[in-house]
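What follows are several structures.
Here chain A shows up in two complexes: once beside chain B, once beside chain C.
Let's turn to the complex of A and B:
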C-alpha cells in the first residue's frame, strides 16, 4: 500500500493541521503536476502523472479525519478491518427498536396525531446528534492517544480497536438519522 | 563520431500554443500575448466562427459565417450544433425531437452516429475537425506560420467518449491537442487572472456556464495560485438550443401543415432572433412567411410568455447547481463570487435564476462569448512553460466503475475526484489455462451497469496458461489530466507489462482516426484548390474592373487598336473565370498586365502633363 504520509512528506500522525496540509499539497502539486512536464518527454510525463495521482489521493485521504482513521487502520491493522463486526451495542439496539416503532406509528397515525409523533422523532434526532458529537470527542481523544503512543514507540493496537468500535457506532447512528430524515422529514434516501 | 543533438523540446520551446473554444453555436481561438490572453480575429473583424459547416456535391467545404448563409436554403448540405452529437450513437439519439432538421444517416445504425451532407456521410468528429481546421488556419494567417499545438475546451460534464472524440477531431485537423480542459474551469482561469486573485487569500467561486447546447456548474477554490475544482455537475444536453426549440414549438402550435426542413431552419432563425431581442425588449411582433409551406407566422411574443416557455429548462440548472454545492461541501454563504459564462446567460430569466440560487449578483464582466477561449489560452501558456505560478486541479465529472456479480456497478473512482488519479485492481482467471480476461468499464452514477454508459472493453491477452486463480494481473485505471481513462496492466508474478486490447464502446479505434487523418488531408487539398481559385478569381476581377474603368475614363489616351485588343483579352479572362480554370486565369492575367503596362505608362505621363499644363514654373 502506498504510504501517503511519505508521499506528502509529513509525520505519521492522526492529528493533522489541515491548513498546513493544504499548503504542502499546493506546493507539491506545483512541483509535480504533469502540466509542467509536457515538454520533457513521455517518460517524465508519465512519472509526473503517477506522482501527481498519489499526491491527489494522499491529500484527499489525509485531509478528512474519518478517511484518515480508516487509512491508518488499513496501514497499521489490516486484520482489524478484515473482521466484519456488525454487532450493535445493547443500549443502541433498544434505541433502534424504539425508533422503528415510532416511525411505523407515524405512518399509521391519523393526520392530527402526526404532529406529536414528529415532535417526538425530532427530539430523538437531537439526542442522536448529541451522541454523534460525543463519539467525535471520544475519537479526538483517541487521536491524541494514538499520536503519543506512536511517538513513544508503544503498541497502538488497543487504541485502534477502540477507534474502530467508535467509528462503527458513529456510522450506525448516522444511518439512523438519515432513516428518520428520509421517512419523516422528506430527506434524501441514502444509497447502500 | 560524436554527434551533438539539440533536444527536441528545446527547439520547440518557442512554439505558439493556442487555446480553442469549440462551441455548440460558435467557436473561438485565442493566445497569450505578453501575459494577456487575446482572441484571434479574422482581419480584426469577427471573433466568433459560427460552428456551422457547409459541404456541397463537389466536396467544397465552407465553415462559419459563409456556411451559415446556406443554413436555410441548403438544408441538405449544412449542419449546425454538431457538438451535440459528439460521442453519441445512432441508438442514443432516437426519439430526440431536437434533431428533426439534422440529416442523420440511416446507413450507420450501429456505433457512432453519422450525418449526411450532399449525399456523403460524415461522423461528428470529422465535422468538428473541419471547424478546428478553419480556426487553425485563422491562427496561421494571423501568425504567418504553422500552428500545431493547442488546448481545446469541452463541457465539464463531457464523458470519456465525448472527450476522446474532441481530441480525435483535433488530431484529424492536424493539431496536437496537448490538453483538453473543462469550459467552466477555463472561465475561472480567465476571471482569476482578470481580478488578480492571487496570494494566499482564499476565494470560493462558482462558474455557471450555459452555452448553446450544454450546461455546467463548477465550484472552485482559488488559493496560492491553485485553481482547485471542488465539484462539478451539469447536463450535456441542455442549452440555448432548447430555448429555440421551445419557441419553435410555440410558433407551430397552430400550424397544421407538414413543415419542410427549410421551413424548420427558417423557424429556428426566427426563434434565435426572438430570443436575442427579448433580452432588450418586453414584447415582439413576429410577421414572417415560411419559404416552403408559405404558412404565415403572425405572433406576438411577450417576455412573460417566453419565460414561461423556458422556465422548465432553466429550472433544471438549479437542480445541478444544488448537487454541485452539496458535493463541494461548501456552504452556500461561503461562495464569494458567481461567474456567468456562455451566450445563454444573457437571457434575463437565467440571470434572475442564478441570483436566486446563489443569493448574490453574478459577474459577467468578461464577454461570456470570449471567456472560455481566453481561459484556454491561459492554460496553453502554462503548458508552454511560461507560467509556473498558476495551476488547475480539476475533477472527473462521472464515477468510473467496473461490472461485478449481478450486473452491479462497482465504483473504482467516484465522481468529483481530483485528477490525475488512479486505482489499481487485481484480476485472475476462473478456468484452468485461461489466457484472456475481459474487463468492462462504465461511467455513471446508477447502481447497475446497464443504466450507466459503457466506456470500453479491455481485454487482457496472452496470459501464460496456468491453473484457475493462479495468475495475478494488476490493472491500473488512470484518469489523466484530460479526464480520459488510460489503462495499464502488469503481471504481478513476472512484473512484466501485460498486453491489453482496447475496444472503445462509443469511439474510434486508433486505425479509424489514422484513416480520417489521411481523408482529412485529401479534403484539405481539394479545399486548397478551391481557395486558390477563389483568390485568383478575386485578383482577376479586380484587374478587369480597373482596366474597364481606364478604358472608360481615359478614352483619349487609347488607340482603337489597343482598345480592341484589350477588350478581347478581357473577354478571354472572363471566360476563364467562368470555366474555373485557375491556371488559365493566371496566364491571361499576366498577359493583360504585360500588354497594358506601356499603356498605363502613357496614361500616367498624360496625366502628369495635364496636371502640369496649368501650373506656372513658380509653383513647381
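Let's turn to the complex of A and C:
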C-alpha cells in the first residue's frame, strides 16, 4: 500500500510547508476529479474515485501536525501505537486530578469563596498555557530531530517515543485548559 | 453520541463517588489516565483483614462512559476477594454498559485502575513486613 506522502508526492518528513501542500492538494484534486473519468469506463472511474478519496484523506492527515505525527508513528512504529502508554508520569496525573478537584470546588463553593477560586484557576491556567507552549517547542525540536535522523538513515524510534509522550502530556493539559474555560470562564463545553 | 440507559443511569446517579485517605494502610489507590482524551480516573479500595474489598470509591473526570465504567466497577468490587477483584475484565464492563467500540477504552481504564489499586494495596502490605525482616 502506498502512504499519504507518496499519494501527495512529497518527502516523508515531519516539517512540512503547509502552503505548498495545499497547492499540491488542489492541483491533484483537479487532475483526478472522478467527473473527468465518467466516460472512460467503470474501472477508470472507480480508480479515480479511490485516488480522490486517498488525496482527501492524505491532505487532511498531513496538514495537521498532530495527525501527521500519529500517521508517521503508525507507519514507522505501529507497535508503539498499540502499546499501552505508561510514559505519562504519575505526578502529572496527580496534578490533573488536583486541578480537576479545584475546578469542581468552584461549583460547590459559596459566593464569597468563588472569587478566590477563580483567581487561583486563572493562575493555574496561565501556568498550563506556558506548559503547552513549552511542549509545542519541544515537539518542534523533535520534528527537526526526526527529519535529520531520516536523512542520515538513523534510528528514529526514540524520537518518536518522546514525541508520543509529549503529545499525551499536551492532551492532558489541553483538556484541563478547556475544562477550566468551560466550567469557570464560560467557554464552550468539550464534547465527548 | 447516544448513551445506553445504563450509562445514563450511572452518569446521572454515580455510585460511590469520593475518596479514602490514600495513606491508610487498608486502602489501595489506582490513578490512571487516558492520554488520547486527557480523562483521569481515581479508584480506591478499602480491604478488610480477611482480604475482602469492604468498600470502594472513585473520582473520574471524563466522559459519561468513563464515569459509568468506574461507577459500575466500584459496585462490583464490594464484597469481592482481591483475586476475584483482579479478575474483573473490561469486556464484562463493556457488556453490562453496552459500550460502543469507540468507548471501549473507558472500560480498559476502569480495569487498569482496579488492578493498580490492588497492586498498591498489596505493596503497602508487603513493605512493613519486609522492613521487619531486615531489622530482625
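Basically, the second predicted complex is superposed on the first by the 176 of 192 C-alpha atoms of A that agree within 3 Å, B and C clash if a C-alpha of one lies under 4 Å from a C-alpha of the other, contacts with A are read in each partner's own complex, and residues count from 1 in each chain.
Criterion: contacts are C-beta pairs under 8 Å (C-beta built on N, C-alpha and C of every residue); 3 or more make two chains touch, one makes a residue touch a chain.
Keep in mind that what you see is a predicted model, and the values were worked out from it rather than measured.
Go through the superposed model and pick first if A:29 touches only chain B, second if only chain C, both, or neither.
A:29 sits against chain B, while chain C stays out of touch.
Where does A:65 make contact in the superposed view: on chain B (first), on chain C (second), on both, or on neither?
Neither partner.
Can A:172 be said to touch chain B (first), chain C (second), both, or neither?
Touch status of A:172: second partner only.
Counting contacts the way the document defines them, which residues of chain A are shared by the two interfaces, the one with chain B and the one with chain C?
The overlap between the chain B and chain C interfaces on chain A is empty, containing no residue.
Which stretch or stretches of chain A touch chain B in the complex?
Residues of chain A touching chain B: 22-23, 26-27, 29-30, 33-36, 38-41, 49-50, 52-53, 56-57, 59-60, 191.
Note which residues of chain A are touching chain C in the complex, please.
It comes out as residues 85, 88, 90, 93-94, 96-97, 100-101, 104, 167-168, 171-176, 179, 192.
Please give the residue numbers of chain C that touch chain A in the complex, ascending.
Residues 1, 31-33, 35-40, 42, 59, 61-65 of chain C touch chain A in their complex.
Please name which positions on chain B make contact with chain A in the complex.
Chain B residues touching chain A: 9, 12-13, 178-179, 223-226, 382-383, 385, 388, 391-393, 417-422, 447, 478, 480-481.
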